[in-house]
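Here come two complexes built around chain A, the first alongside chain B, the second alongside chain C.
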Partner chain A sequence: MLIESLGGDLMGTIPLGDIVLYLNPLHIFLFVTILVFTALIAMSRTETQVEAMFGSLDENKVAVGKKEFKHRRFLAIICGIATAGAMITGDLFNFTLFMALIGIVNIGIVSAVKQVEVLNSAYQYGLIAMMCGLPLFGGAAMILAATGTLSLIELATIPASPMMIFCALVMLIGVCGESGIAPFFASKAEMFRTPGSPFILIIHLSSLFIIVRFVEILLTIL
Partner chain B sequence: MPRIAKLWNKLANPKNIPRLFALILGLLLIAGFLIPIGLESDQLYTRPAPQSQMDAGLAIAPYDRGGEILESPGITEAQYPENSENLGWINSYMTPIAEALKGISPYFGTSICASPGGVIDEILYYTRGFDTILESSILMMAFIIASWLAINFTMDRKEEKGKGDIKEDVKRAIASSDRIASEVEESNRKARAKQAKKEFR
Partner chain C sequence: MNLMAQILINVIIAFLAGSLLLGFHRKVMARVQLRPGPPIIQYLLHSLKFFFKETSFPKTAAMPFYVGITVILAAVWVTAVIVGPVAQGSLMIIFGVYAIHKIVEHNAGSSSGSPYGKLSCVRAVFSAAGELPLFAVIAIIFLLTGTMDISGIIAYQAANGPLVLQLPLAAIMFFTLIVTKSPYSPFAITKGKEIISGFETEHFGMLRGYIMFSESIAWYILLWLFLTIFFGPISVVGYLIGMIVICIITGFINATTPMLNPNHSVMAQISIAVICTVGSIIMIII
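On to the complex of A and B.
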């Protein structure tokens, strides 16, 4: 399928050597949206969870300390920028690298939490993210072997062979695991159950955007 | 139906997720053996055939990319040559030390001791430089997270400030058990007094 037919007319490219970022209305929309959300997250303060105590009228506040706040905000901004980069990238391998960056930063955002269950599920997600290295980079490498190029603009013109379809499936498994969509949602969903709402939200938002972009990439190269 | 419900419930436990993922990935990779391998011979990022440079007796054997230092560019292909104007010049470059070593040792290409320009991959640092930046930033994020955790000791999360010392903990435990014992005794005495009052009536 041609690039133009999916995301609208090609509006321009940003050449960085062999890695050419290309812009069309869909990409620009996703890119600007995620940057706006990142800016909002960078400006906002964290929520404080208030738990009612059992058997009394007291309440238990789970707040985020200042150090933890700074650490998480930094990683959340990096996560937003990485997601924004993945939205406009025009290179398959570059996309997988952005995906890996988002995965590790997601673990980092919850790593400073003091709830044991959250840390345990973050550990389980970390195991998946580690395993995802194989399908993500392996899939991209096999597509390079099958077609001889990694540029999405070139891949769009090459007709799909059985091997390319298999590689795309392998990459899809990798993206599914790394972004934690069903049936792999449980470990990532448990990670959200902690105070520090806006920074936790970027974990969710980045996976949503990545899935949208990856579906577009799949339709482009196959 | 109940079986499916049980399966869904198992999926809700984070512990089972990596296992499920590994299983699905393994099945897909095994299924990959059935796929006919269609390799493209016209590759963008080529390497010379194994041992061909060794057999030809080149001084920087597995990494010789041709060209003369500062005179002519080496052999590099790019997807978009119009974006990389100085293509091949990095591959052909070597530092003076490397140049001297190249004359002495026939095995220089296999070492990284003098880091010659010819061995540094032009693809990594020029045509696909953005990927290298991203790779190192992934590493940097990993180090930031690890060092933040190491400095702030969030792993030792059940301890409050100043509660780290075992001796102090033991003292505190003894004091609190003493207090509890005295409280129990107190309440016992009160209860006994009440009982005695009731009986007296």
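On to the complex of A and C.
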């Protein structure tokens, strides 16, 4: 498929050997948005969750400690940068690497939280993410074996063969698991109960943006 | 016409038309339930009123994130107006805008520190899992037309007839998404009344104004997209009639259907998405 017919007209290319970075309005929109969110996260403080206690007039307050705050903010910024990289990369292998990094950092962002349910959920999501690493990298490797290239701009010009379709679907399973969307969302939803709204945002944002970008990549390959 | 003027006019049209259509939708629901209901102009008046009311901020909120998230919501829907009615650009960008809308539903709720907002935030994660596969209808349209450009899809329909006749299941998918985003929808788990107003509960004054402004534009853009990508090149009168008809249908559905619980809502959406996607692909192959 023509790359121009997906995200809009090409606005420029950066050739780095056989890997060609290319920019279109979709990439720029996603890239700029993720950077704006990352900047907002870097400068924000976290909320304090307040709940009325049963049987008394007291309140139960849950806040993020300073050490935990620094740890999670650092990982959230890394996650934002990795997602921004995944939005503009022109190479399938780089995309899978960014995806794997996002999965790892997502677990890291909630691993500092001292809540059993949240840690359980992060553990289950971690298991799914690790298992889905195989179809993610395996799909990309099989596409390389089938076509001889991982450059998206090259893949767009190669007619889709049954093997390429199969590999793309294998990668789709990997992306679904790594980003924790349906049917794997149940393993991830509990992670969002923890305080630290700006850090939780980047977990959700990275997953959704990765899906948007992968839909584009999938249609490019097919 | 000057591009800036075109953008400004289209944003104003989207806001005014979206507000009035939401007011009309509420009126239809009220009449179905044998109530008089508020005037059609009520939603628009509410939106404008909030811009002039005092804005207060919860002590527990994650600042400046709590403020920034509503401004970003308004900005991305203005972007959708530019990409859609003004430039007739790529559907993929509107898919991205919709993804950000889900993010805002998620984080407007959690950033205030309110337990109601937090519940809405967790539900937004569930609902995104169901709604994004529905939006994947654009991939089916791409497989048939070979383009994501709205102008290209309009040209395809001018030559081959409306897509609603060629991809009826895809149209059902998109219509389900419209029902999902309509007020008081059976799928609107993020704004269920048992959690007050969900993610909007702790946003007051101008911040609520931004959210209502964005919701009006979002409603207009979703209806505009549905009519454009499934009914082809239609006139202004055609858009008007189409939007009113959709509001009446969704009003009837929402007035007579109770809200589903989060699991049922997500599984119903995913089931519709899977059945319609597979059915549409089979129809394209045949």
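The criterion applied here is as follows: the second predicted complex is superposed on the first by the 218 of 222 C-alpha atoms of A that agree within 3 Å, B and C clash if a C-alpha of one lies under 4 Å from a C-alpha of the other, contacts with A are read in each partner's own complex, and residues count from 1 in each chain.
Methods note: contacts are C-beta pairs under 8 Å (C-beta built on N, C-alpha and C of every residue); 3 or more make two chains touch, one makes a residue touch a chain.
On a predicted model such as this, the values are computed, not experimentally measured, just so you know.
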Looking at the overlay, what does A:Ile128 touch: chain B (first), chain C (second), both, or neither? first
Now for A:Ala141: first (chain B), second (chain C), both, or neither, which partner does it touch? neither
Just checking: does A:Ile107 make contact with chain B only, chain C only, both, or neither of them? Give me first, second, both or neither. first
After the superposition on A, what does A:Leu35 contact: first (chain B), second (chain C), both or neither? neither
Scan A:Leu201 for contacts with chain B and chain C and give back first, second, both or neither. second
Touching both chain C and chain B, counted on chain A across the two superposed complexes: 183, 190
Parts of chain C lying in touch with chain A, wherever the complex brings them together: 59-66, 68-69, 72, 76, 79, 83, 89-90, 92-93, 95-96, 99-100, 102-103, 106-107, 110-115, 118, 121-122, 124-126, 128-130, 132-133, 136, 138-139, 142-143, 146-149, 152, 266, 270
Which residues of chain B touch chain A in the complex? 11-18, 20-22, 24-25, 28-29, 32, 35-45, 78-80, 83-84, 126-131, 134-135, 137-138, 141-142, 144-145, 148-149, 152, 154, 157
Chain B-facing residues of chain A, complex: 15-20, 67-68, 71, 74-75, 78, 91, 93-94, 97-98, 100-101, 104-105, 107-108, 111-114, 116, 120-121, 124-125, 127-128, 131, 134-135, 144-151, 154, 161-163, 166, 169-170, 173, 177, 183-184, 186-187, 190
Chain A residues touching chain C - in the complex, by the definition given at the top: 1, 5-8, 24-26, 29-30, 33, 36-37, 40-41, 43-51, 61, 181-183, 185, 188-190, 192-193, 195, 197-198, 200-201, 204-205, 208-209, 211-212, 215-216, 218-219, 222
